[in-house]
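Encoded as structure tokens, here's the structure I'll be asking about.
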Amino acid sequence: MKTPSEEIDVLRKQIDEVNAQLLRLLSQRAELVLRVAELKRQTGLPMYDPVREAEELAEVLPRNSGPFSDATIKHLFNEFFRASLDLQRGVRDRTLRVTRAFHETDTVFTVGEVTIGAKPLVIAGPCAVESAEQIEEAAAQLARRGVRILRGGAHKPRTSPYSFQGIGDAGYRLLAEAAHRHGMICVSEVLDEAGVAAAAECVDMLQVGARNMANFRLLEVVREAHKPVLLKRGPAATYEELLLAAEYLIIGTEQIMVCERGIRTFENWTRNTLDISAVPLLRAMSHLPVAVDVSHAAGRPDILAPLARAALAAGANAIMIEVHPTPALALSDPEQQIDFAQFDKFLSAIAEFLT
Amino acid sequence: MKTPSEEIDVLRKQIDEVNAQLLRLLSQRAELVLRVAELKRQTGLPMYDPVREAEELAEVLPRNSGPFSDATIKHLFNEFFRASLDLQRGVRDRTLRVTRAFHETDTVFTVGEVTIGAKPLVIAGPCAVESAEQIEEAAAQLARRGVRILRGGAHKPRTSPYSFQGIGDAGYRLLAEAAHRHGMICVSEVLDEAGVAAAAECVDMLQVGARNMANFRLLEVVREAHKPVLLKRGPAATYEELLLAAEYLIIGTEQIMVCERGIRTFENWTRNTLDISAVPLLRAMSHLPVAVDVSHAAGRPDILAPLARAALAAGANAIMIEVHPTPALALSDPEQQIDFAQFDKFLSAIAEFLT
Amino acid sequence: MKTPSEEIDVLRKQIDEVNAQLLRLLSQRAELVLRVAELKRQTGLPMYDPVREAEELAEVLPRNSGPFSDATIKHLFNEFFRASLDLQRGVRDRTLRVTRAFHETDTVFTVGEVTIGAKPLVIAGPCAVESAEQIEEAAAQLARRGVRILRGGAHKPRTSPYSFQGIGDAGYRLLAEAAHRHGMICVSEVLDEAGVAAAAECVDMLQVGARNMANFRLLEVVREAHKPVLLKRGPAATYEELLLAAEYLIIGTEQIMVCERGIRTFENWTRNTLDISAVPLLRAMSHLPVAVDVSHAAGRPDILAPLARAALAAGANAIMIEVHPTPALALSDPEQQIDFAQFDKFLSAIAEFLT
Amino acid sequence: MKTPSEEIDVLRKQIDEVNAQLLRLLSQRAELVLRVAELKRQTGLPMYDPVREAEELAEVLPRNSGPFSDATIKHLFNEFFRASLDLQRGVRDRTLRVTRAFHETDTVFTVGEVTIGAKPLVIAGPCAVESAEQIEEAAAQLARRGVRILRGGAHKPRTSPYSFQGIGDAGYRLLAEAAHRHGMICVSEVLDEAGVAAAAECVDMLQVGARNMANFRLLEVVREAHKPVLLKRGPAATYEELLLAAEYLIIGTEQIMVCERGIRTFENWTRNTLDISAVPLLRAMSHLPVAVDVSHAAGRPDILAPLARAALAAGANAIMIEVHPTPALALSDPEQQIDFAQFDKFLSAIAEFLT
């Protein structure tokens, strides 16, 4: 007499045999379905035909005598229908180019002399370029502290039409000149087609802001500039939507860094809720480098260092932070920018993660 | 020669035959799987065995020659595994007792002389019972205006330990006496086992507050009181979680009304965001009556009437609203309660929906 | 001897006198502050001077002998500082042009022969214009049912770059021709500068989609077309942000209708959470008409009628709904569009609100 | 002639003088207001009297001749009214006992031989105590790896009434025996009054779960047990609400650790969104130690290490993680628990932060 374990082995062999037959039938069903699809195409009939699906179930279900419940059988046949419909419509399992399934190893790229995607970096600078003097001072001070990427807005998208909107295209040139004078590269946000052209002439990396993550026309224009891009996550965008926005870009350039900057939630002691899980999950799903903008997440200066430490400990490739010569006089976001003395403390706090 | 349409018919007959064979094989596989389950139970082996599943796939996938992709075949077999595991674990398609699948027609019940679940009702009264005089005045004024259900808190769950916590168990008696004196029934929130006993002696309907929706111990105590229950949705609870909380109650009583009272979102011009879709969806999924608490949703007096109109137009069975003789002097929620003059206007605004 | 009530009257006269002196001092302080501002302007000194504020408090607080606590006095002086700073910076109390404070009565405007902002309207049509035949059928069927505004997308902003993106500018002409042939006006979404030009030639009303609500460049281009605009709320935008986006538009056109279409929350039985409170609050704050898009809020066909009823009961000026000749064959959003038979039932369900 | 800078100095002296007069008037006004309050108390009149406030404004505003706008003057007087009302109601600036304003230095306490609030700790163990063997194996394996605090649920609050609800009070004893046998302390969740008594006899630290954070009755019972408490943040609770819940507890015990475990948002690749900003903000506002439960935040095993690294880098005092001898067989949360081999990797990944 067989032991239970031996009996299980026998049953498993039988299950394997049933599996093989199921596979054959599924393939046979798929072939039939493809032939129907061809005939439908010739005659202009729609591929999706819910009436026919209902008829098939009406044939199948009365014959079910268990042990699966009718609900389970219905569920399994609906899976067959869905797989068949994808087949008929020619949907293959598309692998997004931004995923590791498409490109396994980390994307690493070099802008000027700065390598992005390898050693963690700090991107710093004022919220907005306000004058030649202001950006020159920022560049000089930041370069002295080892920062390699200067940020600064030329055009500022502002919630109110009556707020300071940035100094315009001239800002791109001022930013780039200051950065290059001090051996840095620079990144600045673009808002529209004309701006992309103006920015692409001067700055090293184009930024698509959080509000524009799902502005697909802008993404199409940006990708045609064939420049490196910093793509920010929208405040209510899922990881999947962020990766799909990056997929829009990757058609034109592979030099993309995505950036978590906080999502909108009910908590209001912070401007946004920094979604730290985005760092390991985006890095696991995608080969693109991931930055974290701590200034827009926090919206307050007192927790920038711990947030940056957290981001780097979780694997972020870059930290973005707003630093202004005199935050109290800043024309935008005065409450979240820090000055150089505060930035020194910030750098000390994250130093262990930058080596 | 056959027309395309005739050819499709032939193919469909063949598909039907394949379907029948698939059904047979699925049933056969299920029988084998159940025998394995029995043997596992005898020998104490775990039902879920990811290694075995991987082995089965390793047998199946190399034999796949299309037209389905390996990913599709893997997906379909994973569905088989999941259905089989449910079968092995004895999980039948459990139908929740709160759903229409279990009980098709609307639940209608009578408390005192008030029928709940049929004609729309107004539940009104102060946030808290503050004194015999205050609740007597409220009851008299509201009864005169046709209100049949009086609300009022005896114990108030308050975010801060230093806020007014209600006058305690005595409040239940004052509320009930005032209500009954004026031919009304009453509802009041319960917070713990002792409170359920005290409340059940006096009040006609027990309320489980939003903060306690997922306090399952309280739900178990409440259901044992065999009293009608008003169950509020938690501020971050899904519809499904609300229905599962109601399922805790229905084990003890079928006289349950669920209540939408707004969910917590980023919008802060309202205290909570009234989720109006809850009304038709809960009513479609469940046979239980659905109330809407406009006061806690809005948290402000100026939009109570349009919200109540919306709720009634969407099919709500009851509207809950806080009315206080002198809102400015209320010991809790002074900013969202209205006085009798405002309540008159409110009633006029919703009159067309109450007939 | 005086009664308490008489005593209170005496004390109140004294308080009035103190109030008058406080007013004089506040004005005197403001004059001094303005003279400082002028001198600062001449010498280029910053207006905001936190060090000076700290010094003032250091003078004031030691002299405080109650009954106000130091914290209260500090709070009140900080309010003085803030009011003074606004004065120095020349910030007047700006009244937004979209608010009722600026324009008290309802904005009502006429497009073609359709009056918007008065009697409630239904805006219906397919998600996307797919062909001349499809949009002609939709127009004919909808016009026959009394619909006056036809919707249909020419360019579709899609999350994935590989989804159907609309048939392009040609769609604007097909939509307009179908609409006008049946005595309707039409509305269609614009995505960029080129599209605004193409759309403005044909369609009667330009739509700014939810994803583009904060695309301020697009708003600036749209307002220059001097066409009526339908502005959708972003899925994570506050009411205030929506009104500020409308303020961008009102600089170019006063013919604006804003549209609630659901916000993104944790609940996932609906595509978005319809924020019904938006209707009365936007209508109270602003003079602009308010529409509600029930299709994008629900993302499912079964609750469109109750949501539309709720929106109309709450005061919406228009309901927007996706209707397609054959939803199952739709190239986008097949799961939320309804057919004409379903639309007939929908119209019956809301008929009482349209008269 | 004076320089601008000298002139500014003169003006500032004048402003200081006006400030002093404002202070005197505010105090004088407050004295009058308190005398009115006394008379009102004698005669039973309400403190808050909006009609009187309107009258005062009606006296003041017509006399305003600038430079402040009427809106600004109205705002400032409303601030006076509010401060006065607080004074009348006897509201002093209450300092919460959980804040650093009340107790400046970090709270550090010792449970058994484990010091909480100093060096970072790891709290590990299965989701639920399932049997004596299971918890013994967990304890032995975890103790060997240096874990000092064992977790495990005896009663499990479950969304569905039909899910495994824990083995009950017996679990507390099994947990405690296993922990103590291996030189560890233990923590377990309590759900109601009876459970608190049972748990308090055995376990070293009582846990209040996320669903019960605002179950104030439970907090009151728990504080009376005078045991150390681990208080979890509710999934939709603000930082402020969490601190107020802790304030309920601190009345009975100062040995409290609060725990961030993710909040509910729209993102669904994680079970909850770990709100990393909670760590530095709670630590800055409060003197209580802060833990982070990475298992309930992530709801998936693959990002536990980066989340724990982030939490520790941000300053967390403890990491909480679910470890089970055989996760696939776990009776609850099988998808988020890890086994000992995975836990070894986890410990290596966070080792640098534990020294």
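Here the chain labels run A, B, C and D in written order, and each chain numbers its own residues starting at 1.
Simple rule for what comes next: contacts are C-beta pairs under 8 Å (C-beta built on N, C-alpha and C of every residue); 3 or more make two chains touch, one makes a residue touch a chain.
In this text, all values refer to a predicted model and were calculated from it rather than measured experimentally.
Asks: If you tally contacting C-beta pairs, which pair wins, B-D or A-B?
Replies: Most C-beta pairs in contact, of the two: A-B.
Asks: By mean C-alpha coordinates, which chain is most distant from chain D?
Replies: The chain farthest from chain D, judged by C-alpha centres, is C.
Asks: Give, as an integer number of Å, the spacing between the C-alpha centres of chain B and chain A.
Replies: One centre to the other, that is 36 Å.
Asks: Taking the mean of the CA coordinates per chain, how far is chain B from chain C in Å?
Replies: 32
Asks: What is the distance in Å between the mean C-alpha positions of chain B and chain D?
Replies: 28
Asks: For chain A, which residues are shared contacts with two or more other chains?
Replies: Expected reply: 236, 264-266, 268.
Asks: For the complex, give me every residue of chain C touching chain B.
Replies: So the residues of chain C in touch with chain B come to 236, 238-240, 263, 265-270, 273-277, 279-281, 284, 297-298, 302-303, 306-307, 309-315, 353.
Asks: In their shared complex, at which residues does chain C touch chain A?
Replies: Interface residues on chain C, with respect to chain A: 46, 48, 50, 94, 157-162, 191-193, 195, 211-212, 214-218, 234-236, 241, 244, 247-248, 251, 264, 326, 328-329, 334.
Asks: Over in the complex, which chain B residues touch chain A? Could you list them?
Replies: 4-5, 7-8, 11-12, 14-16, 18-23, 25-36, 39-40, 42-43, 52, 56, 59-60, 63-69, 71-73, 75-77, 79-80, 83, 86-87, 92-93, 264-266, 268
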